[in-house]
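In the two complexes below, subunit A is the common chain; its partner is subunit B in one and subunit C in the other.
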Partner chain A sequence: MEQAFKYIGAKRRTKEAPRFLTGSGRFVADIHLPGMKHVAIVASPHPSARIISINTEAARAMPGVRYILDGEEFCAHTDTLYVGVDAPKLKRYALARDVVRYSGEWVVAVVADSRAQAEDAAELVEVEYQATPHVIDPELSLRDDAPLIHPEHGSNQLYHRKFVWGPVEAAFREAEERVSFRVTWGRSSTVPIETFGVLAQWHEADQLLDVWASIQMPKYPDQLARALRLPGNAVRVHYDVDVGGSFGLKRGIKHTVLVSYLARKVGAPVRFIEDRLENMRGGDMHGPDRFFDVEVAFNRDGIIKGLRIRAVDDVGAYAGRSPLQLGKPVSAICGPYQIHAIEYEPTSVMTNKTPQEAVRGFGQAPTNLALERTMDHVARHLGMDPIELRRKNFIRKDQFPYLIPSGSTYDSGDYHTVLDKALAAIDYPELLRQRDSLRAAGALAGIGISTCLEPSGGNSAFEPLFNAKNDTTTWMDSCLVRVDLSGAITGVMGTSSAGQGHETLVATVLGEVLEREPDKIRVVHADSLNALPSNSPVGSRMAIMLGGAAAGAARKLKATLIRLAAHNLGCAIDDIEYADGNTSVRGNPERGLSWDKLVEIAHRKFHLLPPEMEPGLQASFVWEVPTGGGLPTEDGRIQIYPCYSFEAHVLLIKIDADTGRPKILKYLCGHDCGVMINPDVVHGMTYGGIAHGIGAALYEKFAYTEEGELASGTLMDYLIPSSMEVPELHIVDHCTPSPLTTFGQKGSGESGYLGSAAAICNAVNDALAPRGKSIETLPMSNLAIWNTLHATLSATR
Partner chain B sequence: MTEKTILVSLEVNGKPVSARVPARTTLVDFLRDELRLTGTHVGCEHGTCGACTVMLDGEPIRSCLVFAVQLEGQRITTVEGLTKPDGSLSILQDSFAEAHAQQCGYCTPGMLISAQSLLNNNPQPSDDEIRVAISSNLCRCTGYQQIVNAVGMAAERMAKE
Partner chain C sequence: MKAAPFEYVRAESLDHACQMLVQHGDEAKLIAGGQSLVPMLAMRLLAPAWLVDIHGLSELQQIAIAEDQLVIGAAVRQCVADADPRLNSAVPLLSRALHWVGHAATRNRGTVGGSLAHADPSAELALSAALLEATLTLRSERGSRQVAAGDFLIGPMMTCLEADECLLEVRFPIWQEARTGSAFEEISARHGDFAIVSAAAQVGVDQTGRCTRAALAIGGAGPSALAFNDLARRLVGTRLEDGLLRDLAQQVAAKVEPTSDLQASAAYRHHLAGVLAERALLGAKRDAGLSS
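Coming up: the complex of A and B.
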């Protein structure tokens, strides 16, 4: 598809930049309402305990205290939160009642005039506990003798299924070679610099709840209303709040139900901004904590014949959508490779840890790690170049659209070319020489490759796949465009943003279709009562879905303008030429109506409108996800996401043998997300994703002690990479347009992150290989690498 | 009921300001809650993330780790004080916009303060020096690359002025 664009793909500053650069952003903590009260939390110090008594007498006597709430009252007056799989007996509330199930679980909420007063009072709340047995290890938690975290559920297992797609047994029987191994993705998360915060105000006279929150969550107003036992139109969520980073994570529904309940109870606006410790231990925002047992069957020529993946994911003490993070990878279960026989056995297990929430990629990054370790294990087993092995197994450009065994069809791609471009850009032969000369000088050095997919478009079809009682088949998004009497254009989107530049996206797309300058187009965020249906910026969907919706709305508006012109110029619609918003009769450029004239007619001159045309000038469009609408087959095949972006990572790493400290010397990512609407935005997210993956690979971990305590509850212990750990990063672009989307765009919100940790793990293992060592557990901290180097036996399992 | 308060007087962004606050009020809370200068952000409240970075007499400090009363009479600059007198973007801010060095905007004010402090002391920093200077500020969105590019661009543009 060769298509010339006027604005799409061009260099353009983001519309959001000026407010962020002048300190004029409007984050939830910046919103100040008169008489606003503040919340502090009393959290459980035990991973598992019975609550014997709660004494709030001393706290109530403290200055400024307005209300003290415990789980007994709260659970009696609100309903349980949503659980993503079929587990009807699992309840989840913001405050614990009778028992606590993880260290950090919220037990009591204190409301006071200031945050400091609330904290002072919270310290005086006395809770008596009786400790009960806990379980931290997911494998122990699956055993029959494990203490039950939710006895009424009958098991600590939340979800388990064995999918078999294609002739797996035959593939393993007939293949010449096989390898098996275990690889572990550590418990990390996106840990945005802004913690979660929410402010709620109840208007008694209107019976209406106003909510401002740093939220990125589909169906948030709906779930909030349900939990509060309110009709949906009694909740108004303001989406014009800037969100200080999220990457899928900020789904503070429990926080919001709690604060909303308190706001109504206290009769004043109530705000809760997590402090860092609260965010880390009780915010319920940890990420996947997953190990994979992988078995791969292949021939001596390197062709992969079959794959068995058992994935066990530890979601912590409560289930929300977390088990579904094992579901999305079904959409790209064979990665970019032609593998015709796959067995996938996901198991979701609960432990006495902080619950898990959606993290960038929704489970795809850990799965990509397993796939890319598989490729390197096979290459090593055969003594084959890992690049050659990948090339041999890649789906070829001429094979698209390509149906994978689990039922999704990949839209387009050119994996060989992107990998070749990446290798050329980093000068791969020179990279090999550098590695080898470092090794010759006695250093530990390694090269890592990963070639990974980013399913994009945000279709949540893993919901019906993992829950037969859920037959949701639409994940629409929408846009409204209006032209006012002055001729200025405004786009209205129906969600919040967390740094993805959606205002720039919408303006660029509207400008492209209407041929009007994007810098002059304003884009606003609706609130949930006046928004069109939307599903929040998750699953790398907004370039596709919001972009597609904006284009759809703009095309309708353009059609209206053309119809209006034809009617007034007395010619057929097909005879109207449209350029830069102005219209003229084909072959007679003197006869025409300008943008301003058309706007004036639409707004003021009903007598000049064609029959049936509504006065005013606006159009809306609600778009269903391309390829969406399907339900799974009995053997669990389904089209999940529509579009597949691709990334090829190449890096050189050096490891200090004395300290185990890794240093990335060179890093390059070849990236293909189809047509880029704003290259700076795409590159920015990709750089950020790579850095995030560096954290997951080498530094970040929510570590737990044997006693069940979170040992990394601050940014002193949970190590986010700084500009010293993240090296100079390079990206080389390629464009394989998607045939399914408006402009050929694909998603890129998770780019970089989906392949960087895998590439780094491969690089570290390449560095350790000359010493006969390997490491298969993330994060590969300095200490973990040092321990691996100095272990008397290889750490390989 | 109210807590005992102390009068604090500072110079913020070139203007004298004063307010009565509890002694335990941190500088960042003073700026945000009393002066409503909400451009300075709070990320960790334990001096690690750098979102709350402001300038004290031109040097970057963590405003979450210091009490407002400790800075009686001192000169503070926040992100709101970086713009040109007419309110337009400074060269550094404009370079951030040009290089797309901000995404969610949460770490951005602290990042700008650290970068501006660097440029004030070292007008022609190398990329390594830029990385050292901003290593006190954590960013989750950008991977730092476009920030390093932006600071380098600002240094070049300042040299030409």
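Coming up: the complex of A and C.
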């Protein structure tokens, strides 16, 4: 696609930058309604217990207290939240009733005039518990003798299936070599600066609920209305609220149902903004906590013949969409490699931990870790260069579109070239020399590579794959574009943004199609009653889906303008030339109608409109995900995401053998997400994604004690890498356009994160290899690395 | 994370602050920079009825050199101390230690005295005070008294301060050796976190390179910062040969009694104590102009 763009791909300041850089964002905490009340939570100190009694007498007597709500009342008047798999007996509410299932679970909500008063009163709520046996370890939880988290469900296993795609048994029988290992992705997450916040106001006369929330969630208004037993049009979610970071997990549906119920009950606007403790302990925002048992069959030439992956994911005590984070990776289960026989056995298990929520990549980053550890294990087994091994197994550029065994077709790619560019940019031979000279000087040093995919364009085809009762195949997004009487353009999107730069995206695309300056285009977020259908910015989809919808709407608008011009200039539509919004008759540039004239006709001069043309000037476009719409086959094959971005990470790490402390010395990421709409937005997300992966690889973990307590419930214990830990990052771009999208764009919302933890794990293992040790569990903390080395020392002495 | 209700009073003078302490006893808490206290209030780990703000008191703000001591007022902000050239010339170890204290943002508010009075076992300033055998001046309506750092720091988050006492200043000895070298070593989970283990060393040598004075202390590996200056004294008279330093480090490592937590096991801390003690001693030696 050798198409020249005017605005797309140009390095232009984002539309959002002035607002955020001058501190002019409007977040939930910035919205103040008269008479607004505040909520504090009483949380369970037990991982598993029966609630014997709740005494709120002293709390009720405190100043400013307006209402105290327990699970008994709340569960009687609201409906259970959505569960993503077929588990009809699994109930989930914002407040516990009768039993608590994790330490930090919300038991009582206190409403008061100020948050401080609510906390004062919450301290005086007396809850009597009777502790019951708990289980924290997912493998123990799967055993028959484990205490049941939800006895009515009958088991702690929430989902299990064994998929077999291709001749797996034959591959393992015939292959010359095999390797097996276990690798574990620690319980980390994204931890945005802004915790989840929501403000709700009930208008009794209108029977209407207004909601402002820091939300990033598909079907949020629908689920909210359902849980509150309201019609969908009684809920109005305001999407014009800035969201202070989300990366997938701002799914505060339980918070919102609770606050909405309270707002109605109290008869005043009610706001709840989690503090960090509530967020990390009871905000249900932990990420995948997953181990993989991998077995790989291959020949001595390095060609992978078959792969068996058993994945066990600990979703915690309740589940919404979290089990589906085992489903999305089916979309790229063989990574960028030609592997024709794959067995995949995902198991979703519940434990007495804080529930899991969607995190950047929706399960793909852990899966990529398993795949990339596989490649390095095979290379080490064969004594082969890990780069050479990857090159041998890569899908080649000339093989696209490429159907993988699990049913998805990859749209396009050029993995060999991107890896080559990355290696050239970091000067790989020099990197090897540096590693070897560090080693010669007695240091531990390693190089790590990962080559990973980012499935993008998010539909939710893993929903029917994981739940036969769910036949959802529509996952559209949309855009409305209107031109006002002054000729100014406004794009309307139907969801909120969490820092992904959607206003820049829509303005750039509208500007590109209509040939108008994007800086002058306004982009607004409709509320949910005004909005065209959207599935929110999940699954790395908005460049593709919102970009495509904006382009579709703009093209309709442009067609209208051309029709209008042809009608008034008395020529055929095909004779109209369109440039910068102005029209003229081909070959006769003096005969034309300017943008302003066309706008005026459309808005004011019905007598000049062609027959059947609607007055005014606007167009909308609703777009289904390209390649979407299918249901899975019996053996579980389905096209999931349409587009596949690629990233190749290369880094050099040094480990202080005496302290176990790792230090990343050089880092480079080769990245191909097709046509970039705005390079700054893409690079920003990639930098952040790499930093996030550094956290998952080396620092971040929601650790639990044997007693079932969250041991890292503050930012002093849950260690997010700072600017001191994140090294200088370099990105090299490559562009393989997608044939499926409007401009050739692919997704990049999860870029960086999907391969960085895997690359770092490979680098640490390369550094430890001369000592004959390996580490297969994230995060690889100073302590974990030192323990690994220490075991080596005692073994060799 | 909102503090429980409390009364706030800005002390008009040191005497006023001491009066408030007498009046409210255990119910009152002094606040200066608030970098440790405010989070504890917010998490309701503490709920004092009174906060007495001493930060504005000029009596607590001075930095001075008095003969062979560097005197730092208790409410001197860490960033102010760090920027004072006298620190680096008189007690360079303090400059090195301050760079490990939190982050620039917390150093902008946090005070020298606040860190000492908070007495976190892994705090860098407490370690420096223990190492250099600093003297702390405590004031109350009953009068003033001076205590050695080793007696001031009595356990994790525990000092010998009585409920009516206020830390006035801390006096760090300025070594008068021909040449003095110091080093500060630390391992933390991330830069700016509390130390998993830290070690500080200072040595003095004469013109011929013979050791005339030596001090070594370990943080994060016991209930409070631990000075091992008695053991370090064995280095006096030697030429600080690397083997001697290693032996001393190992002896010290054998004496610490660390505990386990999320970031570090006791075994890891034991090991780090030896590694960092040796690095600190070697660093101090190099800083004093001797080569390894």
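Just so it is clear, the second predicted complex is superposed on the first by the 791 of 797 C-alpha atoms of A that agree within 3 Å, B and C clash if a C-alpha of one lies under 4 Å from a C-alpha of the other, contacts with A are read in each partner's own complex, and residues count from 1 in each chain.
Note that in this section contacts are C-beta pairs under 8 Å (C-beta built on N, C-alpha and C of every residue); 3 or more make two chains touch, one makes a residue touch a chain.
Fair warning: this is a prediction, and the values are worked out from it, not measured in the lab.
Judged by the touch definition given at the top, the superposed model places A:Leu783 against subunit C, while subunit B stays out of reach. By the document's definition of touching, neither partner reaches A:Ser536: not subunit B, not subunit C.
Of the two partner chains placed around the shared chain by superposition, subunit C is the only one that A:Ala703 touches, whereas subunit B remains out of contact.
Judged by the touch definition given at the top, the superposed model places A:Asp275 against both subunit B and subunit C.
Once the two structures are overlaid, the count of subunit A residues touched is higher for B than for its counterpart among subunit B and subunit C.
Applying the stated contact rule after C-alpha superposition, one finds that A:Ser722 touches each of subunit B and subunit C. In the superposition on chain A, A:Gly245 makes contact with subunit B only, while subunit C stays out of contact range.
Using the contact criterion defined above for the overlaid structures, shared-chain residue A:Thr367 touches neither subunit B nor subunit C, since it reaches no partner.
Once chain A of one complex is fitted onto chain A of the other, the partner contacts of A:Ala116 extend to both subunit B and subunit C. Once both structures are placed on chain A, subunit A residues 116, 275-276, 714, 716, 722, 724 are touched by subunit B and, in the other complex, by subunit C. The part of subunit A that touches subunit C in the complex is made up of residues 114-116, 119-120, 123, 275-277, 658-661, 699, 703, 711-712, 714, 716-717, 719, 721-722, 724-725, 781-783, 786-787, 790.
Contact residues of subunit C toward subunit A in the complex are 1-5, 43-44, 103, 187, 189-194, 196, 262-265, 267-268, 271-272, 275-276. Per the touch definition, subunit A reaches subunit B in the complex via residues 13-14, 16-25, 27, 29-30, 32, 63-64, 116-117, 190-195, 242-247, 273, 275-276, 498-501, 680-681, 683-692, 714-716, 720, 722-724, 726, 728-729, 752. Subunit B contributes residues 1-3, 22, 24, 32, 36-46, 48-49, 51, 78-80, 82-83, 89, 93, 96-100, 102-109, 112, 127, 130-132, 134-148 to its touches with subunit A in the complex.
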